[in-house]
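Several structures are given next for inspection.
What follows is chain A paired twice: with chain B in the first complex and chain C in the second.
Entry: the complex of A and B
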């Protein structure tokens, strides 16, 4: 196995050689670029990357430019996981046949995709890759919406969110369904490592990414990616919003090892009310009308129940 | 290291076995595949080769045909020899990725065992899937029998992987009629077969870790047209010389001669049918019989569907007065593809030709020799009259009152 990169502080981290360049077209304040840099900088190993169609893809490989200083492929919306799995299969074949150009180097295979490309349209491809046990890491840049196409709901969109296809209106509070639990689904595939990360908790994130790179087999990372454009907050507030998400336990940070063993990796010292997180974003503004109070209550209840469940799972060690 | 397989000079193989043996012999690095009738045995045979040590590449049994081609694209971009097989609905599911493979200039080889497209669901052979792929930017070879299916695989790998070409290629064979019909197939020994195709030479390979590459970029109105124009240009200008060179080399090696357009009994012919797949062999037999009766009829078989062999067809059609275009796919609201392509081919020529369209064999319905005799009789009448004596489009062998248009 390759040597683990040592990262002691944020300054050291930020001066790592970038394989994802700052020259890209992502919105100011977009968490995608923060997450991608943190993941790529977590290792010194060579990287073979893919991106499914989406914000990251359209903003980083616009011909004749590229933001990627590592091999990178985009095919379509649904098949980024399989693209990198195909490359991983080729790596194995050429290794066996003695045809690798740099036989002593062991690249990591990482697939980036949005929540739409992972929870919805690319779900089958990811499931196939995990069932077959490819040695890849699939990272969801989870902004809970089809942001690249202008804010349509996905199956990751949480209840009460106003999107362009499930907008809040005179008789609707917006999204009616609750967010799909992809981590549980991917853990149920028996994946050796599944984790939820957030870019504001970068130490936790690096630890998990390095754990993911160290294990053999498919790794699923759900990265919360606060979206200034669709969540409707100011671009300079990305990390502040992310802090509200993790401290309200709306995005609990945890990992599941070998499909079963669940560990909570971040416990806020002061848990803040969910409404503080919701109130900071335009997408939930309508929930603060009197007639929608039941949705706010529902939100807090669900977050409390999930946290309770995660703690019970952790205690039980299963 | 993969074990070598001892083959007899002539093996009794169906088209599926012929294709899978060729895939084994060229030592593919990654096959990502999904089973579907009637191409399933290609995938099964390959799995059996792997299980018995005759293949040492990766064999990825994915969860759909879309994923099969997606995996092939990723593997090909990584830098190695890649192939798969499919039919019909699987091919239709793959269509999105077919354009992606060719647009990214990746030399994937796809064996397409032709089958009808639902609805109604049908597992038998027609050319609907083959026609569906014809604008996808792939090179398309057509086999008429198991021997062709074997030979054309070697040609396909050699042409597609040429750095001047770098385009994916399909090898088509008729579902069941070719894929499941065992015939004598002249084989190449493993070393000879491999040498004909040669080592895979990577280009812009993602696994060259010292030279990172970006595959599958975004282009809009500023660059998209140039990319597509370049691909079209290369299909139009670079592919045929390389196919011809590969055919020449193959003939030298095996004595088996292939042509971009195959012609039978056409030298002094008044009328020909133009067709593809197993229909070519049936038509040749009928044409031979009619020749004995003194009728000047011949057959033109399309060997390379894309790029479309415009020049070769103009040449082959010299002096021919009446042409019957035989399409084994429902045109669904227009003339058949072969009719339209042939019309576009002959319209600016000096010679006046009468062109008519026959739609036959949908969903695996047999094309009978008696039907071909009738077609030839009509074509000879057209040749004699110098104008159509029948409707321009007729459906052959369908129940009920005769269906024809224009």
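Entry: the complex of A and C
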């Protein structure tokens, strides 16, 4: 077993040598690369990566350039997870046969995908990987919309959000369905580790990623990725918006171990109202019209209920 | 068509990030890496910027918030110290300025064509917070 990288504080962490390069074509202020950097810097082991189609893939592999300093597979919309799972299966087979060229090095297998490629299009593939129990980590860069193709709704899009295929206007308040609870679904696969992370809480994130690398079996990470283009806020506010999301409990940070044991890993000191989070983004601005007040109320109610549920689950330990 | 084996690639199907063998990339700093011409490190997005961040080391406390939250690996930190900004890869998003906790900020946005010495000369004074 390779040794875990020791990260005590941010100063120590800042001595990491990045394996993700600049001059990628992600928007200025995109949270994707903040998340990717934090994950790649959490380990010193070799990495085998893939990215399903989405912003991250198309922006980091624009011919003739690559932004990755690790083995990285460019693959279809749905099968990023299976590509990495295949590599992992091959690694295991070669190891068993004693044909690995560097048997002392244990690579880590990570697949990155957007919420569209995980919640909708790649769901069957991810489900398959988790059912077969590959030793991989699947990271969802959850920006709640198909940002790469121009902001269509995905099944991760929350209620009331205005998207290009569910636009808000005279008759509609935007997206009608609520976000799919992907963590519960992946935990139900019996995965050894499932967690929700946010880039602004880097220490919590590093801890979860390192735990995910240490366990044997499939690991699912849902990373909130604030999208300056589709959520409609200024690029410099990415971290501020992420703070609002975690402090208003819209994105509660928690983990589920072995499919059952739920731990809340971040409890905000001052819980802020959900409308502060919604009001900071252009995609929800129509909700503040008087006729849409019921959506705002429903938002707050849903977030409160979810938080209550998580706390009960944590107490019960089941 | 040439018949390739299972572990061979067509020309162009694979890009190499580095020229030649690299022993351990996770412990090799960027200045010591043999980047190939296909690595986006050798490209630049400097022309995306309208405003650029300028670093004033007089006020910096090396908290590294700018380093962790920079999306473009443009904050150069060495030996736990903030050293400077990589203007080839900075897109001018200003996250580093927003997360800077010092008073006055040790990173501020200035117009792209402004001279750095001029920017440093006109740095704002410490702000007294109203109670």
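Please note the rule applied: the second predicted complex is superposed on the first by the 314 of 318 C-alpha atoms of A that agree within 3 Å, B and C clash if a C-alpha of one lies under 4 Å from a C-alpha of the other, contacts with A are read in each partner's own complex, and residues count from 1 in each chain.
Definition applied: a residue touches a chain if its C-beta (ideal position, glycine included) is under 8 Å from a C-beta of that chain, and two chains touch if they have at least 3 such contacts.
As the structure is a computational prediction, the values presented were derived from the model and not from experiment.
Asks: Output check: A:69 vs chain B and chain C. Expected answer is one of first, second, both, neither. What do you get?
Replies: Both partners.
Asks: By the touch definition at the top of the document, which applies to A:164: first (chain B), second (chain C), both, or neither?
Replies: Neither chain B nor chain C is touched by A:164.
Asks: Pick one for A:84: touches chain B only (first), chain C only (second), both, or neither.
Replies: The first partner, chain B, only.
Asks: So, does A:177 touch the first partner chain B, the second partner chain C, both, or neither?
Replies: After superposition on chain A, A:177 lies in contact with neither partner.
Asks: Give one of first, second, both or neither to describe whether A:11 is in contact with chain B, with chain C, with both, or with none.
Replies: second
Asks: I'd like to know which partner A:23 touches here: chain B for first, chain C for second, both or neither.
Replies: After superposition on chain A, A:23 lies in contact with chain C alone.
Asks: So in the superposed three-chain picture, is A:93 touching just chain B, just chain C, both, or none of them (first/second/both/neither)?
Replies: first
Asks: Shared contact residues on chain A for chain B and chain C?
Replies: Dual-contact residues (chain A): 46, 61-64, 66, 68-70.
Asks: Spell out the part of chain A that touches chain C in their complex, as residue ranges.
Replies: 10-34, 37-38, 43-46, 60-70, 199-200, 202, 228, 235-240
Asks: Considering only the defined contacts, which chain A positions touch chain B in the complex?
Replies: Going through chain A, the ones touching chain B are 46, 48, 50, 57-58, 61-64, 66, 68-76, 78-79, 82-87, 89-94, 96-97, 99-102, 105, 107, 124-125, 127-128, 131-132.
Asks: Using the touch definition from the top, list the residues of chain B that touch chain A in their complex.
Replies: Per the stated touch rule, the residues are 29-30, 32, 56-58, 60-64, 66-67, 70-80, 82, 96-97, 100, 104, 205-210, 212-219, 223, 227.
Asks: Once bound in the complex, which stretches of chain C touch chain A?
Replies: 15, 17-18, 24-30, 33, 37-45, 48, 62-65, 67-74, 77-80, 86, 88-95, 97-99
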